[in-house]
Structure formats: structure tokens, C-alpha cells
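Pasting a structure here, questions to come.
Order as written gives the chain letters A, B, C, D, E and F; numbering starts at 1 within each chain.
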Amino acid sequence: MNVVVQNIDRAEQEIIDGLAALGVSTVHEAQGRKGLLADYMRPIYSGVRIAGSAVTISAPPCDNWMLHVAIEQVKPGDILVLAPTSPSNSGYFGDLLATSAKARGCKGLVIDAGTRDVADLREMQFPVWSKAVFAQGTVKETLGSVNVPVVCAGELVNAGDVIIADDDGVCVVRREEAADVLEKARAREANEAEKRAKLASGVLGLDMYQMRERLAEKGLKYV
Amino acid sequence: MNVVVQNIDRAEQEIIDGLAALGVSTVHEAQGRKGLLADYMRPIYSGVRIAGSAVTISAPPCDNWMLHVAIEQVKPGDILVLAPTSPSNSGYFGDLLATSAKARGCKGLVIDAGTRDVADLREMQFPVWSKAVFAQGTVKETLGSVNVPVVCAGELVNAGDVIIADDDGVCVVRREEAADVLEKARAREANEAEKRAKLASGVLGLDMYQMRERLAEKGLKYV
Amino acid sequence: MNVVVQNIDRAEQEIIDGLAALGVSTVHEAQGRKGLLADYMRPIYSGVRIAGSAVTISAPPCDNWMLHVAIEQVKPGDILVLAPTSPSNSGYFGDLLATSAKARGCKGLVIDAGTRDVADLREMQFPVWSKAVFAQGTVKETLGSVNVPVVCAGELVNAGDVIIADDDGVCVVRREEAADVLEKARAREANEAEKRAKLASGVLGLDMYQMRERLAEKGLKYV
Amino acid sequence: MNVVVQNIDRAEQEIIDGLAALGVSTVHEAQGRKGLLADYMRPIYSGVRIAGSAVTISAPPCDNWMLHVAIEQVKPGDILVLAPTSPSNSGYFGDLLATSAKARGCKGLVIDAGTRDVADLREMQFPVWSKAVFAQGTVKETLGSVNVPVVCAGELVNAGDVIIADDDGVCVVRREEAADVLEKARAREANEAEKRAKLASGVLGLDMYQMRERLAEKGLKYV
Amino acid sequence: MNVVVQNIDRAEQEIIDGLAALGVSTVHEAQGRKGLLADYMRPIYSGVRIAGSAVTISAPPCDNWMLHVAIEQVKPGDILVLAPTSPSNSGYFGDLLATSAKARGCKGLVIDAGTRDVADLREMQFPVWSKAVFAQGTVKETLGSVNVPVVCAGELVNAGDVIIADDDGVCVVRREEAADVLEKARAREANEAEKRAKLASGVLGLDMYQMRERLAEKGLKYV
Amino acid sequence: MNVVVQNIDRAEQEIIDGLAALGVSTVHEAQGRKGLLADYMRPIYSGVRIAGSAVTISAPPCDNWMLHVAIEQVKPGDILVLAPTSPSNSGYFGDLLATSAKARGCKGLVIDAGTRDVADLREMQFPVWSKAVFAQGTVKETLGSVNVPVVCAGELVNAGDVIIADDDGVCVVRREEAADVLEKARAREANEAEKRAKLASGVLGLDMYQMRERLAEKGLKYV
């Protein structure tokens, strides 16, 4: 059955903003090295970092009808996440849909398929992480669903989960774990600043992390 | 038999310029969603849009001899289109060939193989859409043909067909259909400007395209 | 057995600098079209050209421990070259390791696996050529070796070999052949300047290289 | 946190057997064209069809420790389903593990990674569907979890879901939907027998499905 | 416009049979090393060699409607050739369509997409060369065309061209060149029998083809 | 410089036979999990296991001339190992070359490129491990070298190294380490027979390897 779930829970805005400030790699580590979408998900232009609540779309291959349905469900700050039900590199998304999504306050799109009009999207600063850049047109014939759980680029994404996306890729954080993950990520970040300073001064990781003894125990030989 | 076809018909310049102004996605849609080369054909630098008549090259794998032959056949505004007879990612094209092609008025290269010297090509603003960036050298041992029909990245390209290439990829338009396609593409573009304004103002695609009834008929449930 | 080779021979600095000035494609041609790493090795940002002596790392899949060990072996101007013992796209390298490597004078990293924190690496201008950009974390559990011969992206690299890397990819030159390759590459470059000028003036490669006769002998027909 | 869930619900055996009799394509269609794992999941030998309850494994890349843990949780008729937390083609599974799994009544393995000893597995008739055949050894260093939800080859699999696997690939059916899916799949199968007889006698699908009118309406021209 | 071309010219049966007897590699060489479809086109089971006239299908992605239309156009001995208008690995073809095609005398299918029910197809001995084995269902919503020129797996195929397919892959021969290609292929084959006997007796290719002098001229050194 | 090294050292025949009896996975493990060629190297037919001394070939892309040169260097029991200097999937090898190689006592071919005539090769029982099956013809224009070190499918292979190949893939053992590796592999194999019997009787790996304590220490929870 094809459904549109209209009311979804979202994480608090300050938690989302906190995660955005930390970025994909730090958040991924902080939550136990999970939640990363596949490495073929690349930004159409670099230098952007966003976070937002996922409005999920399960769409048929080569059919972008559900994007129009999903945009109505977007609240300011949300991120659209589209997973096709069968692999597709068609260009589901372009400048008209981006205009509409942006007008609703959407911050970006994560799509396990193709996008197009990328020069326009870059100009209007609407970021997209996609599997392909491809102009191939899509149809509007078959229903899908909005705000149901989807598997996007190898990761389960529920509506309302927090999406973080930057030049390193895309990471999903469960809504109910977001506050805890933020806390851990901040601790990690704080911890890293000090390490960074030491390393920049020339201290070796071997010494800072006290690795020499364990390396020797494991049998590493210097020759 | 290996041939060089010297006289080819080209579309009128104003048609070519018209198509260049509209870009790959619009032209692809306007001609019935056909003509797109495979999505692995990517520009070596972004932000360029060109259109021109195809001077086609059928070349042996890892042999770039025919590029020299083809450049003599280039008229100002043309685009070189190279298809190897067997898959190859070797670097058929670099800064010397680009210098020569540019001196003849060539606007760019579309190659289902590799290119190299990409920093130089970007500096001299000679755009290339290719399957690979790879420095691997090629030989000059075996003949191919120039201005014969080729299959490049999955699409048939005839000499004199119009090539449009931008950040979305590459599209081919049959020479004899180019005027008609331009007309349809312009109509599409005109139509889109109005839609874009509406969507930017917050009108939903669901309403603008009157999709709600058909979605309900197909059985979409809002929960 | 897992070893760290501490004393390696390096090519002379002026030879390394000479190769850096010429770039990957020229050096690759000059040494007989060999030494290129696979074309999937791409820079995380464009516009950089470096050369340096290889400090090699043979690392287990998804385990970046040996990077810390290797950084101690870096002398100013060196380039780290990491090859996993089994294919991996995990993110072995990020901003902390880059900070440490840079503090030791390391010029860059060539890694047949993934890297992360690419926005930070671009900002700090630490160039990386990698197979993937991927935030996936790695462990520090299993030993590898440093400064042993490795096969990286399809090419054998010995510690102390000269690595040249730019927008065209990565090329390795044997240390003992570096002086000879530099001489040949300079000759090639000198030769190319004159050719470039001729081609820019409109002289055809067909005439400049006197190809017409050989093409006719091979049977090329103009129609 | 790493956990082993010891008590999982399974579908009734006769439902599982019923699904096994129908096969992947029929079951996939009957449940609304969902549940298929990616097409790179291929059997190591052909001619086998199995169904069973999923015992799921979330394993670190290149680490097969959790397979030993999971085998203890297998009940006769179960199928092991392993998903690495980061892409890996290493050979997690071979003849010793197969011997152990078979002794516990395990019917087969579905693994989004590599397997090895495939000649032995074929001889002992222990079927595996995998992403790769690769002898690369794995370690036993890092924990994962057993009987938690995993995303395997692009599909969510919960412990106790029904797995069907044959030469067409692998399909997952939610445990709670299995009875309903079986009913629909049997109806589809029954319906197909009659169609098959008609088509074998030379009746065209165009006539049997009464497609001619709709094709004409859509504008298909016979020339 | 979507059309079905009803009357196509076919090569003579004895020419087709002659080409079938020689196989893909010999025919490919005899026609000047052209006409090979991409190497990802693999048979679903091995040990079959067929040849026949192409009934071509241009189909939308993930939509197999046109297969029903095409089967009506099949004459005994023909081979169906399907090319999607955008890349797709969906399972366009299964046992019902195979039953229908076989009833019409169709010898096999060449499809640049997915097929399913492969165990059934093997049992009924209906050979298929495809890009993927995948059970993913398709729709019947959008028109395509039958017996128009298509680009299938990188090669242009016209309706009525001769298709040869075996364990080495798929080759297309232009209908109008088929008689000539057969003659050349037979000459090649006759020539090879004698060579095979010599090589089997231990004569080296170096001597049989008199390669030693040319190798020496090119500079090969024996050390 | 292109050379043919005529005298190479080989491992003793009984060592080679010993390694053949143990197979790829066991040998790979016994030598410390190294030496495996990439997993895309697949046998053209299954059920074969061979071992022999490598006669190596460095060949230009799409040029199979050096195979003829190499066959003269084959001694009974040797295995040909071909690595192209740039990636190629062309069909370097077919039934004529196999006939010649077999007449010289060659046991098989390992080629990081394409092979053809695979039905014939299967019938004559000449096994090949290759990256592709592809009929694409090659030329005989450019020299390569024989019995020099090559990188084949990601691994360094020296002339005279021992190659083991079976359904699990291909493994290389350094000639000078072969005796030692054989000893370790036999110890491993002996050790495995006992384990296999225990596991077959239902003993769990958890108990046989005494893993439970270490799992608990690492924090695994049973729920």
C-alpha cells in the first residue's frame, strides 16, 4: 500500500544545528562508526555542510512523482531523502523541483539515483548528494510512499531521523539517539582540538597515543 | 575499409546556438527523452556549456592517430566526438592536440575514453567530456575512420549531428531534427519560466500540475 | 613478518623538483609509458602538483595504525604511499593525521583506499590522491609494514621511489632511474614547446609530423 | 552496544516451505515487487532453491568472528544473513564454518561480502549467495551483533524474516507478512499455469492480456 | 513517435546457419573486428551457440510492455534484441515470455538489462544473453518501438541484422554484409584448421607466422 | 627496453605439486594472508586446481604478440601470467594459442585482461583465469617483455614464482619461500582435518576455539 505519513517527529532544532556544526566524520565516529551511506553518494558541488530531519521517499525506478508529494510534507530545515525501489540513475530532480523545495524551506536532497540541472542547482545553492548526475527524464505513472522507512545507499533511514551531509558524504542519526550522539560528538571534537595542537607542534601520534609498547608487543620490528 | 568523409552537412549556426542556450536537460526532454550519452561522460571542469556539429572519429583502442586526421576536417564551431572500437581508458588527448584543435576553431571534445593534461586544458579553456582522466599514452599504428557513424557512450552519433554538452552531460540531436527540436525546447523553456515563478512563490507542484485527483485515483493514502 | 625499514635511499632533491615541474603525463611518457597508477586514483581537490620520495605503507584492510608508524619515518618533502593488503575504501586518513604528517614536512598522501575530512584537508592544503572519499572509521589492531615494496593501485612502489602526482593522476619513477627519466622528460618538454607554437599557429599535426604518406600507405581513403 | 539476541520469532515451517516451492521471482511479485537484494548477490553454484528464517549478523569489515557466535543461534532450517558494517569483499566464510553451520541444520548463507572454499562448499552442497568469491582471510578482533536488524545488499532484514534464495537471487519477506505473501504467491502461480499453457499453444500475450486497445490509445503505430 | 515496423528484410537462412556454425570470435574477426556487444553481456547458461535475424526492441527503463508487441513480429529462427532507453537492470523477461517467444519459433533473447526465472529458462532451453540476472518486476505503462535501429550494449543493431551469440558473447553482422562476412569467416576457419594441427604438433607460432625477424627489427632482446 | 629472459629458476616440482594439492585459500593463509590476485580474476570453467611456475608476460594493451614469444619459454608444467601495461579487456587468448601452449606442456593461463573461444578451451581442458571473457581481437604491433616482474591483478609476480589457481581465485608464492609455505600450509591442513571432524559432530567453534571468555571481555551481551 502506498502511503504518505503526514505527522512525523523531528529532533530538536538545536540538536540538529549542533550535529551540522560537527560534520559527517565526527558524528559517524561518535555514534560507533555506523550510519554512513555508501561512498558513491557525492555532493554535486563542494564546500557545503547541512543537517536536517529526513522526509523520506520510496519511489519507483525512473518515476519522480512522489517528489511532488513529498515536498508538501517538508517543514523548514528538512532534508529530502529518496530511495528508488530498484536501482536507477535517472535524473529525478532538477531546477523546478529545487525551486519548489527551497520555497518550502528544504535544505537539500539526498538521492540514491540521478539528479540534473546541476549548474542551476549550484547557482541557486541547493545542495544535492546523489549517485549520478544524469539528465535522463523520468515519468509520473506509479505511486510510492512518503515518510516510510527506506534503505538509501545501504542505510536504513526513518522519517525524522537526522541527516548530516558534507564533502565527506552522508550520515544518518536515529532521531531518538540524536541528543546522545551530539553529546558524544562534542566530547570527541573537544578532545581533538588538543590533539591537533600537539600534532601540529610535531609530537608524534606514536607518543601522544602511547602506541610504541603495544606495537612492540604485537611484534613490529624496526630494521 | 578506413575512410575520411570530407564533406558533411551541418545544421545552421543559429539553430546550434539556440540549442546551446537551452542546455542538455531541456533539449533531451524536448526531443522525447532520447539522445543522452551515458552518465559516466563527465566534464573535466565544470561551468561550461557548448554546442556544435559533430566531427566523428572511430578509433582503435589505445591509438590516437585518427585525432590528427580529424582535426583537419574541423570547421570553426565543430565538436570532436571520439568512440574507440573496443573499450579503452587511455589518454588519447592532451594539450598539444587541444592546441591544434583550438587553432582550427574546435569548441571541445567528447571522448568515450581517457584524456590527460587536464590542468592545461582547463587553463586554456578547452572543455572535454570523457570517461576517464588518465595519462596513459597511446600509439599511432592502426587506422580508424573520420566522419562515419559511431556509437559513443551508448548513443549513435552521425557526422554533422548537433552535440550539446554541459555540466549535466552530453546529448546528441540528429541534424535533420535540430530545427524542430529547438522549437520544442524553446516552448518547453518558456513554459518553465512561468512554472518556476509559481513554485518559487510557494505554490505546490501538486496543485500547479493538478496531481491530487490522479494520485487519489491510483490509491495514495494520507495517514 | 612486520617491519619498519628506517633508512631508505632517496633521489636528490633537484631531481625530484625537476620531475615535479614536468608533471605526470610528461614523466610517464619519458620513461617509456610506464609507472602510472590506476585511473581511479583521483585528487581530493584540483590544481596541485607535487613530487617526493615514497614512504610506503602496507596496511591491513580497514586498519590505519601503520600511518602513525610511517609518519615518524617521513623526512621533509616525502610523500606517503599506502596500499591495503586487501581492497578497502575505508577512511584511513583525516585531518589529525594530516596535521601530524604536515608537521613532519610530508607533502601529500597517495592511498589506494579512502580518505575523509576532505574539506579540512583542502583548507589546510594537504593534497591526497585516493580511491574513495569515505568517512568510514578504521581500527588500530593489526600490524603492517613501512618502507617495504607495495603494489599501490596496480603499480609496484619501493620506498624511496619518486612519486609525481597532479590532476592527471599519479606516476612512480624508480629512484635509480630518476636522473635519466628527468633528462628524457626535459628533452620531451623542450621539444613540445616548439610543437605547441606551430600547432597554435594552425599547422596541422598531419603536416608537422609528416603523417600523410604513412596514412596513405596503410590505406586511408579520403572520400 | 554489541548484542546477541537469543530468542527470535520464526514463521511457521509450512509457510517457509510454501515460499521455497514458489521461488524468488514469484514471491517478489506477490509481495508488491519489494524485498529483493541487489543483483550482485549471486549463488556460488546454480540449481538450488532454499527458504528459511534469517539469523542475522552485523559484522565489522574483514572480521568474521561473529559467524561463530551466530552459528550457536541457528535452529534447523535457518539461513545465515551477514552484512558488514563497511563494504568488504573478504572471504568471511569457508568449509570449516560451513561444516559447523551444516551440523546445526543451517540451510545456507547470504553474505554481502566474500566467501571461499567454493569447490568444497559445492561438494558438500552448502549453498551461498555472495557479493564475491575471494580467498582473502579475515580476523577475529572486533565485535558485531547477532539477530539485530541489518541492511544486506540494499534490503532491511530482521532476525526471523523469511529468506528465499535461488538462481534469480535473494528475496526477504517480513515474518509477519509471510502467510499473506504465501497466499498471494500461490494465487499468482495458479494463475500463471493457465497462462503458460495458452502462450505455449501460440496465443499471443497481446491477445491473452487484451493489450491491443490500450496500445492503440497510447498511440502505437504499426507501419 | 512509437512504431512497430512489421515487414523487415532478413538474411537467407543458409547464411545465418553458416554464421552460427562459425561462432562469435571467428565472425567478429572476419568482419574486421567490429560488431561485438559489450563484454558484460553474458549467457545465463553456457554451451549454446545461436544465430538469427534481429527483431529489435527499444523499451523504456523498467517497462517490458514492448516485449509482448515484439513477439508477434517474430518469425521462426529470429532473435529478440532489447535495448532500454535508459540503463536498467530490471527483470524484463521470464518464463512466461519465454514460453510465448518459443512458441513463435524465437531462438533466444539478447537484452541490455535484466532477466529472471533463469532456472526455468535453462530447463526449457531458451538462451538469454543479458547484463544482469535480477528478479525485479517491470511495468507496462509506456510505449517503445519495435524493429527500429537500437544501440544495444554499445553496438548499433538494425532489425534484420544477423545476431550470433555463444559463450564468447554476442556479435552483430549487418544483413547486407552477411554473405560476404560468411565467406571471409569460412576462409578464416579453413585457414585455422591447418594452423591448429601444426601448433598441436609443437611448431611454434614464432616460426609458423615467421615472427622472429620482425621481433628482432623492433628491438626485442633475448637475455 | 623489451627483453625475453630465457633462463629462470623454478621451484622443485614436488613443492609445486604439494601446493597444488592444498589450494588457494590454504596457501594464502599459510603465507600470512598475502599473494592473492584481485577477486575479479575468475576461472572460465569451474572445478580445476593447478599450480606451476610463472612465465610472466608484460604486454601492451590490446596487443597479444608477446604470447607467441612467451610460449617458446614455457617448460612442461608452467603457467603463463599476462599483465597488460594499461587496462584492457580485449581477447588476447583463444583456442590456437591454447593449442600451442598445451603442446609445450603449459598448464594454464592467468591473464589480467580478456580471453575468448572459451567453449573450445573448456572442451580441450585448458584452464584460464581472466578479468573478462571478450572476443575483441588484438594486434601484433608493439613489443613487451617476457619473464620480467609484472603486477598482475594487483600482485607482483616474478618469473618462476609459484602460481596456484582454483575456483577460489589465484595466489602467488615467491619461489624462494615456496618450500617454507608448503610446510606451513600442510601443518594448517593437518590441523584443519581434526577441527572439521569436531565441527561436523556439532561442537561449536565458540567452544573448540575457546572464544567465549574473550567475547565477554570485549563486551558482547546475550539478551
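Remarks
Assume a residue touches a chain if its C-beta (ideal position, glycine included) is under 8 Å from a C-beta of that chain, and two chains touch if they have at least 3 such contacts.
The model shown is predicted, which means the values in this text are computed figures rather than measured ones.
Between the contact lists of chain A and chain F, the overlap consists of B, C, D, E.
The centroid of the Cα atoms in chain B and the matching centroid in chain F are 43 Å apart.
Centre to centre, using the average C-alpha position, chain E and chain F are separated by 31 Å. Shared contact sites, meaning residues of chain D that touch two or more other chains, fall at 33, 36, 39, 86-87, 89, 136, 142.
Taken chain by chain, the contacts fit none of the simple shapes, being neither an open path, a ring, a star, nor a full set of pairwise contacts. Pairs of chains meeting the touch criterion: A-B, A-C, A-D, A-E, B-C, B-E, B-F, C-D, C-F, D-E, D-F, E-F. For chain C in complex with chain B, the residues that touch the partner chain are 23-25, 28-29, 33, 36, 39, 42, 46-47, 49, 166-169, 171, 192, 195-196, 199-202, 204-206, 209, 211, 215, 218-223. Partner chain C is touched in their complex by these residues of chain D: 60-62, 86-90, 136, 139, 141-142. Interface residues of chain B facing chain E in the complex, by the touch rule stated above, are 33-34, 36, 38-39, 85-87, 149, 151, 154-156. Within the complex formed with chain E, the chain F residues making contact are 1-6, 45, 65, 68-69, 71-72, 89, 91, 94-97, 99-100, 102-104, 114, 116-119, 122, 132-137, 140, 142-143.
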